[in-house]
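Labels A, B, C and D are assigned to the chains in the order they are written; within every chain, residues are numbered from 1.
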Amino acid sequence: MNNELQQRCRGINLVVFDFDGVFTDNRVLTLEDGREAVFCSRADGFGLAAAREVGLKLLVLSKEVNPVVGARCRKLGIESIQGCDDKAHRLRQEVESHGITLAETAYLGNDINDIPCLELVGLPACVADSWPEVFPHCHYVTERRGGEGAVREFCELLVTARRQGLRRE
Amino acid sequence: MNNELQQRCRGINLVVFDFDGVFTDNRVLTLEDGREAVFCSRADGFGLAAAREVGLKLLVLSKEVNPVVGARCRKLGIESIQGCDDKAHRLRQEVESHGITLAETAYLGNDINDIPCLELVGLPACVADSWPEVFPHCHYVTERRGGEGAVREFCELLVTARRQGLRRE
Amino acid sequence: MNNELQQRCRGINLVVFDFDGVFTDNRVLTLEDGREAVFCSRADGFGLAAAREVGLKLLVLSKEVNPVVGARCRKLGIESIQGCDDKAHRLRQEVESHGITLAETAYLGNDINDIPCLELVGLPACVADSWPEVFPHCHYVTERRGGEGAVREFCELLVTARRQGLRRE
Amino acid sequence: MNNELQQRCRGINLVVFDFDGVFTDNRVLTLEDGREAVFCSRADGFGLAAAREVGLKLLVLSKEVNPVVGARCRKLGIESIQGCDDKAHRLRQEVESHGITLAETAYLGNDINDIPCLELVGLPACVADSWPEVFPHCHYVTERRGGEGAVREFCELLVTARRQGLRRE
């Protein structure tokens, strides 16, 4: 981890995640009655637990209004906000209501509707298999793909940086 | 994009898609009671929205009569016609009823039953993982595989060409 | 196709398939209530239809007793026999009841319990991702993996050989 | 198989498996109502049967309390213990109740919560796609990934070693 990335990581207090393509591989299983299902990784739970332990706040912001988002986030014990057509607007509100700043916020996304959020936060990041337009807006790209442990990798990055920061103080 | 492809793309007013293998990875999940489910990509919605915005008409023609086709197309807001044993015949009817010509029509397929349609239209195309017999009939092959964003890639190609055309006028 | 393979293919009148790992990728989706689901390829239907057209008889022999096998085979219009603990014994019975010989039979499998059947038939074959012990018993290995079009590829091999044979007569 | 590995394998009487990431690819399919489903490999059943035949005891220890674990293990005829927050503690209890020693126990895992168990047993092992922290604690890494036959590969390793040991006696 280079110095600039370490500095950015240490200042983070809130981590915001897109759902589809980040917690999932961006695919959706469509059933005959229109219900949907998504593939997530068991690995992510360990990363979110570690992030919570060092005091990081966690939030999912999703454009989709879909019961699977709520179902998965409840299982992981992470707050989710769905139906965000204007994710950047909602992100500003949430950051304010948490009493922190955008500079203290990290965002992990994968697609073009994440770009307005990525442009606002202190640590903009995306998963390895993001849509091409997204990469230029990010300071960190996870090695893992969405739904294959990218959430855990990003959490571990922030946890490691925070622990190193505490040791130096 | 070379000049000939650009010319073909700019003239398109109707985009017709096969469903299985184009919106999906050509696999079907079979449940014990015979119901089926298919994997689609969340990415495709962005491409279809962009195509609709520039005025392209969109249509799904599927050989299968299957509730999953209707369910997925309703979610994406795209008209679907199922149970087309003779897809080329139905394609001619649809093109006529839309008041346009076959030359103004693009078709994205993946398998041998798409070939009669591909031979009729102005811009015949197929996904990266099409069945071998299909490629010789196509002017464009998407880099992405079916169910992994091929629909979006094809929409973006047409949208870009149309916008470049408008700028030159 | 070399000459020996062509000779073997032309003599085939009955094609017998294992189900799991041949029509599927050998994975099973386990639901909370113990029900199962499997992934199949839409591509296989075209191959089975072509095989039926040239007069080949088709049969699925499965060790598993599972509603998904019946559900998928009904959809494809292919007869299935489930619960074959001794597949070789059942194969002999079926071949006899069809009034043909084992030399006129092809078998496509993927795992060790297919070996006794592979040793009996005129054209023993397996899918690309078969278990290692299976390959030495086979005269043909499909390029495609189970659940990714291996059934279609094997059908097309037999159809092509039969058509070439008819042309020469 | 080198000599030391053979020695370790021959002494094993109990094989303990983690479930997620070992019997599965570590992904979970989340449905709208919060129910889950997982992908397993049909191949594993053959390995477990062979292990049982040579007298090996088999056990699944899972952190998750989830009906899919029980459903899959019932199908495979293998005992499962769920909800193990302290897997090492539970492992000690089980080993004792089976009347054997930790040195006679093998453990196949994939993630950080398996490490305390891996440190206790005579043959610690993990699947090819384990989380990086796990590998240094293992004497054997399967070539196959979790959910793609890793369980079978590990069983076959133990069965082969035991048979070679018997031949030498």
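Rule of thumb we're sticking to: contacts are C-beta pairs under 8 Å (C-beta built on N, C-alpha and C of every residue); 3 or more make two chains touch, one makes a residue touch a chain.
These numbers come from a predicted model, not from an experiment.
Look at the CA centroids: the one farthest from the centroid of chain C belongs to A. Chain copies chain B and chain C are related through a rotation whose angle, from the C-alpha fit, is 90° to the nearest 5.
Residue numbering at the chain A/chain B interface overlaps only partly, since under half of the positions present are found in both copies.
One simple way to say how far apart two chains are is to compare their mean CA positions; for chain A and chain D this gives 32 Å. Centres computed as Cα averages put chain A at a distance of 46 Å from chain C.
Along chain B, residues 29, 37 each make contact with two or more other chains.
Across the whole structure, chains are in contact as follows: A-B, A-D, B-C, C-D. In the complex of the two chains, the chain D residues touching chain A come out as 20-21, 24, 26-34, 37, 64, 111-113, 131.
Considering their complex, residues 29, 35-43, 46, 66-68, 71-72, 74-75, 147, 149 of chain A touch chain D.
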